[in-house]
Amino acid sequence: MNFRIDRRDLLKASGALAVTLATPSILRAQGATVKVGVLEPLTGNLAYNGTQSAAGAKFAADKINAAGGIKSMNGAQIELVVVDAQSRPEVAASSVDTLAQAGVVAFTGATASALGLASSQAAAKYDLAQVFSIGTAENIVQRGLPNVFRFTPGVNKCTSVALENLKLLNEGAGNVVKTAAIVHEDGPFGSNMAKIMAAELPKQGIEVVETISHPTPHRDFSNIALRVKASKADILIPSNYINEYTLMARSLRQQRVELKAIYSILGGAASNIKFVRENQEVAQYVMDCNHWYDPNKEDSKALAAAASAAGLDLTYDVMVSYATVQVIADSLERSGSDDRKKMLEALAASTFDQSIMPYGPTKFVNGDNVNSRPVNTQIRGEKIELVFPKEFASAEPVFPIPAK
Amino acid sequence: MKLQSAGQIALVVAACAYLLSVYLMSSPVWIGFTINALIVAIIALSWNITGGFGGMSSFGHAALYGTGAYASAILQVQFGVNAWIAFGFGIIAGAAMGGFIGALAFRYGLKGSYFALVTLAFAEVLRICASSFAITGGGSGLQLRLDPGVGTLQFPDRTVFYTILLVVVALVMLLTLLIKKSRFGAYLVAIRENEDAARALGIDTYKIKVQAMVISGAFGGLAGALYLQLFLFIDSTVVYGSAVSIEALIGPIIGGAGTVWGPLIGTLGLHLLSEGAKHLLPNAPGLNFVLYAIVLICAVRLLPRGLMGLAALFGTFNSRKDDDHA
Amino acid sequence: MLEVRNLSKSFGGLQAVSDVSLDVPEGSIVGLLGPNGAGKTTCFTMIAGFTKPNAGSVTFEGKDITGLPPHQICARGMIRTFQIVQPFAGLTVQENIAVGAYLHHHERQEAMALARDVGKRLGMGNMLDRPASSLTIAGRKRLELARALATGAKLLLLDEVMAGLIPSEINEIVGIIRQIREEGHTFLMIEHVMQAVMSLAETAYVLNQGKLIAHGPPRDLVKDASVVEAYLGHGAAARLQDEHHA
Amino acid sequence: MLEISGIQAGYGSMAVLQGLDLQVKAGEIVALLGSNGVGKTTLNNVISGFIRPTAGSVSFKGEVINGRKPSEIVAAGIAQVPEGRKIFPNLTIRENLRLGAYRRATARVEQNFERVCTIFPRLKERLGQSAGTLSGGEQQMLAIGRGMMSEPDLLILDEPSLGLSPLMVEEMFALITKINADGVAVLLVEQNVMQSLGVAKRAYVLEQGRFVMQGEAATLLADPQLRQAYLGM
Amino acid sequence: MSSLILPAVLSGLMMGAVYALIALGLTLIYGVLHIINFAHGSLLMLALFAVYFLNFYLGIDPYLAIPIVLPVFFALGYALQRGLISPMSSGSEQNVLLITLALSMIIDNLALYFWTSNTRSVDIPYAYDTVEILGAFLPLGRVIAFGAALAAAPLLWLFMAHTRTGSAIRAVAIEKRGAELVGIDVNHTYAVCFGIGTACVALAACLLLPTFYVTPQVGYTFVLVAFTTVVLGGMGSLLGALIAGLLLGVIESLCGLFLGESLGQIGIFVAFILILLFKPSGLLGKVGR
């Protein structure tokens, strides 16, 4: 994504400090637009995911605007207000003030749970809806905040779906997988996932022989690879971010770890096409249970085209942000107003089923979309194929990894 | 308080006017932004005790801040302790951590960059520990249950929280002033200026330095515990990260280290600068930091004694050209 | 009051002070003389507790204080000053003196009052509110003296308090030291300026190459051949002798 | 060769030198006498470019040099052996000496090296030893030798006899004469009055930032005022 | 687990070599200029990007990029010290800290702006090649880095000991006033030293990239460990940095193995604090402060 400042922007900006901060109403009097916030970490250590998400939101807004905007509001155009959470919770919280003052009707965000917790809490004071793109930690929806809408699945659902699918795969292959090693980052989603796995895998007849947590960033995966190798696990279940995943995949290969499958859960790299491109060999047959769109929908195809035209890798961040803006737009259609309270009501009553995600009709219970679900992807050749659930699948799963 | 020049008085009046104007403007952006700045100002005032008055530059004040936040959070989340008591323990824990680091570092006479690096390392060890053990919530961090009320020290009305913060900052500054005007404060300055001469005058420099770390730790713990009550969530990077340590020292140095008003004025100034940079370059995330950093470099060059030192040059009461500190 | 016995110190291979013994009776002014680099200041650092001697003992008011840290020695009533005077910048003159006064007066008001008092006694009444960094060399020397006095010390170890002063200033300081002595203080002073020592001290010790080479009344010492040679260089004594005879 | 006129200088607000005039002619030894804290070292720092004078000028071989960087002043031909020697203790004696020739063409370094080794045979014996292991006197010789490596026209020695044993002091002054005999002018800053006046041609006596006496060394030696200043007699 | 100890020690040594390489430049700058260079991590990141782009656009192998990247980064370091750090800091330690901090902020965010926060890694044919030593498979890239670190530290040491510039740098570090008195231009020498330190970081980047990745945030991944290495080895000691780097790599690897990877870094910092408290001058340091 390219940001350019032209002279007009600078001129406008010189007065902006006084204007936007002190007198919010001036900017709202512009007529046929409705403002939607995008709160993402565009700088700091989460910048990659934040920037991807912001791009996804922009693609969605462009698409909706091109299709005539919000029809119930006389074709009002969606104007995105993008703010940088700087990968810091306190900045995320104070950015909500900026969004509120700019007059957004709802916002999407915020990549990491720590940022989402802070922002949604701050937004609650304004009755301002936050539609979570990514926010896997379960405590996000456990605080009873009426302005929290998590469209995508949390860690619990991701893990349980991953378990179900793993069971199907393993049964289909004649239960070849008997032992598992878990490698996860030590943050909320990794730790929680590992806990659930350790409890549930034995019920499927898979013994967890090794659980290794590691910090982010982590510089060397040789030991982890060696421990996985020594554990003689049939399957490796990793859950970590792209940088660590890349290093881990390489180390596994270098240490000649023989695995029947790599089955990651919310693995930052296994469904990242960049990883596939740069690590062709080690990426083959890796499976991931993650957020992913339904590639067959028209909007999905349009998104893929838009992303490729912008020279952007189509990661799940782009997809979910696109979808959350769709959700917000649908609620706007129904509320027909830029009133925040009405927006909350509209979201709470949402049954939207036209998003690019392979979800059923939206239904928020305590802010959690009960009809969301993760899907399974598998890396095949130079592509990421969707293998589960069957109705959206673009390819048949290969499990276990065929012997060379 | 004795301010030496009209320039300094103008600066202080401007800061106070700004802080009060937040009430009048009823702008949520201003109030949110100023609340963040005030919390940073407290950790800056904490750094000012050791770094400003005592001349012991720490690069790891996050160790104190994080300890205050974690102590309070652990007591509330893991043991169900009342928020007020936990808050108090946060301050005590910060003080204890300060004393511990000081006692170890000063016993072996660590000074200058050695001391700076030891404090940096302490903060880093604590960060790693906090993300590794169950009691601290590991990598997931700790979250307080959302439960507004006086009893839980959670104030959803930000004007109330802002007022509380203003009072706390005023109290910390008052304590700073009392320290500055006390035997202890004079001893600290004496140690900063010439440790041997201080020893010769009967000052137990080791004891004074450790005491300074304890006080600084209490202020740092206070800042951390306040952060917790405001955002209700902490994790190891948020409160033990190097960003906290940097913010703790950058404000006092720019504002005027070893002065009562410098840390507050420096912190407010830097936050305004950062906010201004964000608004000047709204569509270029990252470039605002570049602008901020360039201004920071210029400030370092142009303000050898910080804003308070610069202000001292304007409208001096007596014609003598003195190099006083406020 | 102060008894130093067989004090020795070496740095690396260099014997800075060897086997120095001296006595300072209560109420007296004793000089410690010698050319540059003779080991005078090293003696002071050991007596005042800044460095530990390799051998020997220091007894103050009958109690062994060898190896005690400086602040404890100061609390017992003995204090040293420094050759290169560095006032605490950032504090006023009065506050500087108060740093010394705080030793036995913990309240700011008392300490500041005492500081004012001491400052006035040393003729600094009109500069109490000035920043200490603005003082001239003579002013700094007085400040150093005032700070030391304010601690309530009984024995003052003065390190070259006259160095760098012009004769009129030296006379003033000499007057002040006399006045302080009248008030019951004792002095051991390192001096390079013989003239000052002669007019103040009853006894003096001369150090050269880390060893005591002579002691006695200053007036006798300046005639001592070894002292003259130590100061003016080899051959000086003979030359003086010649002049006397000529 | 060295012309100092009307020099005033100090640190911050403290004026130390209050208008000094001094000359050193080619090939001459000039002694600068005075007790502690009168400004001798400050004057040295002005000459070698560490302190900028607030008034007056320093010229060397007809060119004004105040305001130049210390390294340029060394290149111009003034070598200073400072008080406290400032040798490089962790470096070997050979390295110390070679660094002395830092601003000289490499071709002449060997030649100068030989010359210094001839003057200081004690150093030659320990070229590989680190300088910190030398005794005080030997360190002083090394400092002078290092100064000589830059082929100076003027050598400034700040208290070379400080902390040396009497025997060593004798040797040091003998060396100074020897160096001077090679045609190097010497400005000798000393407290050792007798010995200094013994080797110097002319001398200046500094007190409180002003010269109180100056003239031929022999004349000064006989002046009772000098002894008065030093011994209080 | 005992069968893993030897491989863990070996892979620790390999990682430690990278720490040592990064620390070499830092210790040189610290030892001579006595400043804490907070921009060191950012310069590493910049060098990693340089190596990456040379590979991406021109197809230059990271190892073959060494003769291109090193001189460029020497010049960059020289210019930064001469043109920015020295004139802007007015000689104050605190100011240097703030300026290098600001510098790192500028470099990091410009990188983010121009190159985005994408994770990039080079695609090289030998990426997965390994060397088998005592039954352990060691990545070829790490083994090369190990060899280079073992060679670089002594080479740098030889340069310091036996060249005119090297001895001028040492002279300035030991006795600044004395150096000025023999005619060494201290500002120039400081800048040269900063340049060499920056070139060292560039070397580390060339050796690191084949086994690692680059993002605008990657500097932080290494800079704290590099500081630790410098202090542990003794400020300014090149061989100390090498030994300390290797030692830290092994400590981290073994602690990770026995305490869990999350706690692996604790070993580093515990070692750091212990060294500071009991031998403040570091393993090979001469003088404590």
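Which chain is which? They are A, B, C, D and E, in the order written, and residues in each are numbered from 1.
Going forward, a contact is a pair of C-beta atoms (placed from the backbone, for glycine too) under 8 Å apart; a residue touches a chain by one contact, two chains touch by 3 or more.
All values derive from a computational prediction rather than experimental measurement.
Visitor: Listed by label, which chains are in contact with chain B and with chain E?
Guide: Output, common partners of chain B and chain E: A.
Visitor: Distance from the CA centroid of chain C to that of chain D, rounded to the nearest Å?
Guide: 30
Visitor: From the mean C-alpha coordinate of chain B to that of chain D, what's the distance rounded to whole Å?
Guide: 51
Visitor: Just give me the whole-number Å value for how far the CA centre of chain D lies from that of chain E.
Guide: That gives a centre separation of 43 Å.
Visitor: What is the distance, in whole Å, between the centres of chain A and chain D, each centre taken as the mean of its C-alpha atoms?
Guide: Roughly 75 Å, centre to centre.
Visitor: Provide the list of chain D residues touching at least two other chains, using ranges where the numbers run on.
Guide: Correct list: empty.
Visitor: By residue number and range, which residues of chain A touch two or more other chains?
Guide: Touching at least two other chains: 3, 43, 47, 186, 213, 215.
Visitor: Residues of chain C that contact two or more other chains, please.
Guide: If we look for residues of chain C contacting two or more partner chains, we find 133-134.
Visitor: Report the complete set of touching chain pairs.
Guide: Touch list across chains, by label: A-B, A-E, B-C, B-E, C-D, D-E.
Visitor: Name, in rising order, each residue of chain D that touches chain E in their complex.
Guide: The contact residues of chain D facing chain E are 48, 50, 69-72, 74-75, 79-82, 85-91, 95, 98-103, 146-147, 149-150.
Visitor: In their complex, what parts of chain C are in touch with chain B?
Guide: For chain C paired with chain B, touching residues are 48, 50, 69-71, 74-75, 79-82, 86-91, 95, 98-100, 102-103, 106-108, 111, 130-131, 133-134, 147-148, 151.
Visitor: Under the touch definition given earlier, write down the residues of chain C that touch chain D in their complex.
Guide: By the definition above, chain C touches chain D via 12-14, 35-37, 133-134, 136-137, 160, 163-166, 192-198, 209, 222, 228-229, 231-236, 239-240.
Visitor: In the complex, go through chain B and note every residue touching chain E.
Guide: Its residues touching chain E are 57, 59, 104-105, 107-114, 116-118, 120-122, 124-125, 128-129, 131-132, 139, 242, 246, 249-250, 253, 257, 284-287, 289-290, 292-294, 296-297, 300-301, 304.
Visitor: Note which residues of chain E are touching chain B in the complex, please.
Guide: Touching chain B: residues 30, 34, 36, 84, 87-90, 92-95, 97-99, 101-103, 105-106, 108-110, 112-113, 224, 227-228, 231, 260, 262-263, 265-266, 269-270, 272-273, 276-278, 280, 288-289 of chain E.
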